Structure formats: C-alpha cells, structure tokens
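Next come two complexes, and both contain subunit A; in the first it sits with subunit B, in the second with subunit C.
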Partner chain A sequence: MSDEREKYKNVAYYPGCALEGTGHAYNKSTKAIGKALDLGLEEVKNWNCCGAMEVKNIDPKLQTYLSSRVMSIASNEMDHDVVMAPCNGCYHNLKKAEYELENDQEAVEVVDQISNKAGHETYKAGEIETIHALDWIKKAVGEEELEKKIKGGLKGLKVANYYGCMYTRPRNIYPEKDQGEGSESTLKPHYMDDLLAVAGADNVEFPLKTACCGGAHTLSDSDTSTKLVLNILMAAEASGAEVIATECPTCHTGLEMHQIRAEKMFGKKTNVKIVYFTQLLGMALGLSKRKVGLQENISDSYALMKEKGIA
Partner chain B sequence: MPIHEKSLIRPENIKTHDELVIDGIDVSGHWSTFIESRVISDYNEALQEEISALPGGENIHRCFQCGSCTNSCTVNALNSEFNPRHWIYLIRLGMEEELLRDKDILWQCVSCNKCTYACPRDVAPEGVMKAASHWLELKGHTPKSPSTLFDTVFTDQVMETGLIEESRTIRGFFGLTNQSLTQGWLIEMVKRMIRHLPIEMLMKMGLATILRPKTKNWDAARDAMREYTAEQHALHAKALKLDQVTPKENN
Partner chain C sequence: MMSVGEMAVKLDGELMSASDMLSLGEQTLEHWITARDLEPTDKNKEGFRLLALHRQGAKGDPSFNACRETCRELVYYYNLITLDPEHVETLQRLNMMKLITSHLYYFITGKMEQSQLGEFCCSSKPIRSKLDGQIN
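Our next item is the complex of A and B:
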C-alpha cells in the first residue's frame, strides 16, 4: 500500500451542525462505510459551526475565523494532517478559509486577533489539508480496492449524481481541482460517478450536476428554491434516473423538502428518490438499510431498493 | 433589451401619437414613435465607493461589462429582471435611481457562485450582490430582507453557542417573519420524515431542542467575535455616512 493512501486512512472528522440534525443519516452512513472499509475517523474535539452560508453574509472574516478554529484544533491539538468534512458547506468554508489565510494578509490578522482572545492557537495556512468525503474514499481506498469489497452492489440502479454548488465553486478555493488526470473537475465533476460506478450503479448522463438548489434561500425565498429543485428533479427523471445521489446535507434536505413542496404547492409530482452517496455505497458494501439510516430519509426509497434487490 | 438603453425604452419614455400629420403625411400610431430625451443629473458619485466599502463589493471596479455573470446566473434564468451585470453597470455609473427600481429583488441572489466562476475579471459578482443588498438596507431603502433576517438569526446563534441547532434557528426565523410552523407542506414533510423513524431517534431530536448544545469554553471566542463585528459595523456606518439616514423598520 502506498504512503499516499496511508495518509488518508486515519483522518480528523468534522461532521458539522447539519450532520447532527437533518443530515443525521449522512453522518451515520459515512461512519458506517468508514468502518466497513477499515478507515479511521477521529471527530474534531469540541468543534464549532463553520458558519454555513449565513455568517459570511454578516461578515466574511468571521466565517474565516470559525473555520480556522476547527482546522487549528484538528492540526494543533489533535496532530492530524488531514481533516474530512462530508458537508459541502463545511468543506467549502474550510477550503475558503485556507485560501484566504494563504492570500489575504488582513484575514490573517483578524483570525490571529480573534484566536488570541479566544485562547487557542492561531491556524496558519498549510497546516492541514481539507478533503471531502468523496476525496476520502477516492484517496484512502480507490476504485480498485473498493471493487474488491463490494458485496451485492447496486445492481444497475440508475443514478443521477448531484454535486451542488459549493463542491466546485468558486474555482479559486480549489487549487487541486482541474489538474488533469485523476483530479476532480469543477465543470463536470466525476468522483461520485466513479465510486458509484464501481459499486454497480448505472450512472445516467445528468446535465444539472452542479446546478444550484437554492439552498441559501430554502426558507427565506422558498418559491425560488422550489422552482430550482423542481428543475433538478425533472431533469434527473428525464435522464432516466431512479435515484439522485447527494453529497451534501443541505442539498439533500433541500431536494427532499422541495420535492414535497412542489407537489403540495405547484401540483408537480416527481418520483425520483433522493439518497446520500454514502448510503448507496454502504448498501453496495453489504450494509443493511438501517445501518445506513435509509429510514431517516424523507424521500422513501425502501420499496425501490427492495424491488432492485439492494441490501 | 440592451441594458444600457433599458431605462430609456421603458413604456413611460416612449411617445406615440394616435393622430399626427406632419407636412401632409399621416404618421399616426407607431409611425411617430420616439423616445423622450432625458438628461441625467442625479448621479450619486459615491455609489461605487460606498458599495465597495462593504464586504464582497471590493472588486466591483474591475468589471468590464462582458455579461458572463448574468449569462450564467441561476436566478436570472427564473427572472430576467434579475441582472447582476446591469446592476454593476448602474452602481459604477452612480445611477442610484435606476438601481432602486430593482431594490426588492436584488437580495434574491442564491449565492451559487456561477457568476464568480464565469467572471473573467475576478469581480466576484456574488459578493457584489451581497454588498449591494446590504447597502440598500443600511441606507434605509429596503427593510431587512428575509435572507438577511435568516442570516442574522443564524449568526447570532453561532456567535452565542458556537453551534447551530436547526430547529431553534428555524423557529427563530419563522417567528421573526411571522410564518406558521403548521403550513401544509411542512406538516406533510414531517409526516414523511417520521414514517420509518424509531422512537429513540425522535426522542433524541426532541431532547436536542431542550438541551441546547454548546461548544465548550466558547465565551472568549464569542466576545472576541462580537468585538470584531462591532468594529466592522462602525467602519461600514462611517463609509456610508449613516448618521444621515434612518433605516426603515421591518414590517
């Protein structure tokens, strides 16, 4: 096994607030596949919220501070080189903080000032590497190893892979993406497609991979969010998908919630099921529906999985 | 419609005559259409400077009006009046009156960053939308938008406890915006949510709302952040000369 893989086998784990609430099933299934694949996750001690999409609108540097505290604890107090965040929002914010602290002297000063007053070590750019749950499986296991561990698999389940906005945009905070072979693409991301293909899914050609679900205004401008989600759901169905695989608790809940809202308020019913990629991967690895928290999803995919003979 | 002429060709600026004969030639109706001439004298020369003093607006001066932002914009696809390029143009010229026509939709940017991804000049138009929305609120042109209210409830909770406990944030926001927690679609969602959930999980979710999780030893961080935000607010108020305006009350 290469050192490169070794580096990602035991990582600091930053679940974030959503994974303790609406995204509980994502938390559960992420931990479950970690266990099934022999990967170590050590939760960041006494972590705080990264600020999601909201704090930056009040003040961007506050968000930089909030994210930097998480990275500081993971690197300085827990001695980790890598921190993994499954939520797109958390992942994006940690990456953004890294970028700001690398490139903006004013941000460095603000973060230093607040960290000193708060009584913990100031995080400095380059001390830790932030990765997404997708990177984690890719880098710590890889397709070849993953294939050997698949039990049962996804049996040709038709999947539209939905990555959302924050995983690829803005481009400047993701310097490792778009770097040719093996790297993730910001225009047409494929890491989730790659993993689920190995797990036996039949990925459909889905044009709205990085479309926005309007997550930022899911409650403050619900009609806009419902329209955006409906586009995504209808495009997935038109692409022939039975399931939309998600990798972000906000996207996931947004799709589930506005699927119902579109039906109740606009009379537009869609049947495509919404499932976390970690749940799909878990079931492909032979874990039960309960183990990956399928019962916690609002979108009910029990019957579909049963019909397909999955898990 | 080309955005630079947009303000000229509004219906109220277009003149036609139902009956008009010039030099013996009948030019009634559309034949006599002309655009009323207009002199702009109410430029706000400080507009760009003020908006670029707010977080996100810093790079507005870099815009060369290519239109890539509007072309890629998520909200523009739903409503063509939502036009980041047009607003950036107006702000840069200081055409405040024109900008104010769109004051009630500007906040609807969903922060998808498609514009920032597409912009060849690193303007970060998403940030400009936020700065412009805040400018409208701070200057008293609009009440705080639902989006700002949500951001405020959320940020207060993070600053206070270090964490977000979703049901508390949602209750706080619905309370502030007078929305009912028993709207039909919400009830339907909860019904579907609990269909397969075991009782322990429901208990835990209920308990979380009572126990109010908190990051430990958070007080010093909270105070430091409050101090920083107060400083920033004072700076913004100064840049926008806010002692001269009274912000609009909500509702």
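Our next item is the complex of A and C:
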C-alpha cells in the first residue's frame, strides 16, 4: 500500500451535530462502510459544534475558534494528520477556519486568546488536513480497490449525484481542488459519481448537482426552500434518476422534508428516492439495508432496492 | 425587463426557446443588481452577458456564488441546444434548461425576499405574514 493510502486509512472522525440527530443514518452508514473497507475511524474526543450557520453569521471569528478546537484535539491530543468530516457544513467550516488561520492574523490572535482561556493547545494552520467522506474513500481505497470489494453492486440503478453548494464553495478554501487529473472539480464535482459508478450505478447527467437546496432558509422562508428542492427533484426525475445520492445531512433532510411539503403545498408529487451515498456504497459492498440505516430515511426506498435486487 | 411576477408566469407556462430562457436568466440577475442600486452591465464574460451579470451580482456578496454553477449550466444547455438544434435530445435539453432557469429564478428571488429587496420591499414575506395576521 502506498504511503498516500496509508495516510488516509486511519483518520480522526468528526461526525458533527447533524450526524447525531437527523443525519444518524449517514453516521451509521459511514462507520459501516469504514468497517467493510478496513478503514479506521477514531472519533474526535469531546468534540464541539463547528459553528455551523448560526455562529458564523453572528461572530465569524468565534466560528473559526470552534472549528479550530476540533482540529486542535484531533491533531494535538489524538495525534492525527487527517480529520474526516462527512457533513458538508462541518467540512466547509473546518476548511474555512484553516484558511482564516493561514491568512488572517486577527483570527490567529482571537483563536489563541480563546484557546488559552479554554485551556487547550492553540491550533495552528497546517497541523492537520481536513477531508470529506468522499475524499476519504477516494484516497484511502481508490476505485480499483473498491471495485474488488463490491458484492452485488448497484445493478444499473439510475442515480443523480447531488453535492450541494458547500462542498465546493468558496473555491479559495479548497486549494487542493481543481488541480488537474485526479483532483476534485469545484465546477463539476465528480468524486461521488466516480465511486458510485464503480459500485455499479448508472449515473445520470444532472445539471443541478451543486445547486442550492435552500437549506439555510428552511425555517425562515420554507416556501423558497420547497420551491428550490422541488426543482432539484424534478430535474433529477427529468434526468431519468431513480435515486438522488446525497453527501450532506442538511441537503438530505431538506430534500426529504420538502419533497413531502411540495406535494402538500403545490400538489406536485415526485417519486425519486433520496439516499446517502454511503448507504448506496454500503449496500453495493454487500451490507444489509438495515446495517446502512435505510429504514431511518424518510424517503422510503426499500421497495425500489428490493425490485432492483440491491442488498 | 419583465417584472418578477411576469417571469414567474413565463416559467410556469409553455416551453420557451433557448434564447428566451437565457434572456430570462439575464433579467433575473438584472433584478438582483438593480435592487442593489447598481446599473446592470452590458459586458460579456466568456461570450455571455449572463456570466458577466452573475459576476457583477456576486461582488460584495460571496453567498451569491451559490448560483454560479447554475448560471454556467444554463450557458452549457444553451450551447448544446443552439449548436445542434436538430439533435434528438433537444426537447429534453429545453426541458432541462427550463428547470435550470427556474432554479436561478427561485434562488435569486428568494434571496431578494430575504433581503427585502426590489419588488419584495413592501411584501417581504415575514412582514407581510405578520400584517396579514393582524388584519385578519
């Protein structure tokens, strides 16, 4: 195994708040595929909220601190080189904090001040690498090895891969992306497409793969969120997709909830199923539907998976 | 420039041509820009005014970049359709272009409503809902 692969085989795991609540199935399926692929996940000890939207909007420097604390524990207390965050929001915030600490002296001072007060080592830019669950599978396993481990696969399941808007934006906090062959693209991300294709999925051309789902407005302006989600669902269906694969708990929950709301509010029913990419990958690896938490999804895809002969 | 309401009617109606949908996308962006007291640019970026308008609209508001790829997809579908209008998938592509145009419209009008900008200034949802509640 190459040193590069080895580096990502055992990583610090930062599930974040959503994966302990609405995104529980994402947490469960992420851990399950890690086990199936012989990858090690060590949960960050005593982790805190990354600062999400709420703190970031009120006090961005405090959000930088909150994310830096997670990275400090993973790096300085647990001695990890890599921290993996499956939630787009957490991933984005940790990357943003890294960028701030690299480029903003005031942020460095604020983080140092609060870290001293809180009694832990101050995180310094470059001490740890933050990756997403997609990077994790890509880098620690890769398509070639993954293909060898697929059992049954996804049998031509038509999938629209939905990345959401925080996985690639803003571009400046993701310097490793857009670096040519093998790297992720911020314009047209493809890591999920690549992995699910290896697992046997038939990926459809889906133009709204990075479009906003209105997640941030879901409480303050539900109608706009519903319209945005309905449009995404309709585009997925028009693309021929049977399933939308997700990689963010906020997007996933938004798609599920507003699919129901769209029918109630606008009388528009869509049948496309919403499933985490880790659940699809898990089933392709031969894990049972229950093991990947398919029963926890609001969007009921049991019948479709059964019809397709998946897991 | 069509009003926001007129654009909604268009998007709910019959399938439009690729040029009409590109124009509708441009007009949606013009609303965002004029609502912020700016003059919409007449310049092109990469051959398209839509992309130049998006860049102008995102200045000072990085979150507006959440519709950057939507704009680029709109241009991509416009190119697919206009460069090969006889293609067997043209109807499907037009349908897709309509959904992309709608997404841009919902995203920007949603942002305007949240910011209480433009046509929504007196009918912004939180204020209006509260007033309706008091009147009724």
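Convention: the second predicted complex is superposed on the first by the 311 of 311 C-alpha atoms of A that agree within 3 Å, B and C clash if a C-alpha of one lies under 4 Å from a C-alpha of the other, contacts with A are read in each partner's own complex, and residues count from 1 in each chain.
One rule holds for everything that comes next: a contact is a pair of C-beta atoms (placed from the backbone, for glycine too) under 8 Å apart; a residue touches a chain by one contact, two chains touch by 3 or more.
This structure is a prediction, so every number in the text was calculated from the model and none was measured.
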Fit or clash between subunit C and subunit B when superposed on subunit A: clash
First (subunit B), second (subunit C), both or neither touched by A:L208: second
Subunit B versus subunit C as contact partner of A:Q113, first or second or both or neither: first
Which of subunit B and subunit C A:G21 touches, first, second, both or neither: first
Subunit B versus subunit C as contact partner of A:A52, first or second or both or neither: first
Partner chain(s) touched by A:P175 [first = subunit B, second = subunit C, both, neither]: neither
Touching partner for A:A235 - first (subunit B), second (subunit C), both, neither: second
Contacts of A:G126 with subunit B and subunit C, given as first, second, both or neither: neither
First, second, both or neither for A:C165, with subunit B first and subunit C second: both
In the superposition, subunit B vs subunit C on subunit A residues touched: B
Subunit A positions touched by subunit B in one structure and by subunit C in the second: 165, 169-170, 211-212, 214, 217, 220-221, 224-225, 227-228
Touching residues on subunit C, where the partner in the complex is subunit A: 62, 65-70, 72-73, 76-77, 92, 95-96, 99-100, 102-103, 106-107, 109-110, 113-114, 125-126
List of subunit B residues in touch with subunit A within their complex: 55-56, 74-75, 78, 108, 110-114, 116-117, 124, 126, 130, 145-152, 154-155, 158-159, 162-167, 170, 173-174, 177, 184-185, 188-189, 192-193, 195-198, 201, 205, 208, 213, 215-218, 220-221, 223-225, 227-229, 232
Partner subunit B, residues of subunit A touching it in the complex: 17-18, 20-22, 24, 46-49, 51-55, 57-62, 65-66, 69, 110, 113-114, 117-119, 165-166, 168-171, 186, 211-212, 214-217, 219-221, 224-225, 227-228, 256-257, 260-261, 264-265, 294-300, 302
Interface residues, subunit A side, partner subunit C - complex: 165, 169-170, 187-188, 207-208, 210-212, 214, 217, 220-221, 223-225, 227-228, 231-232, 234-235, 238-239
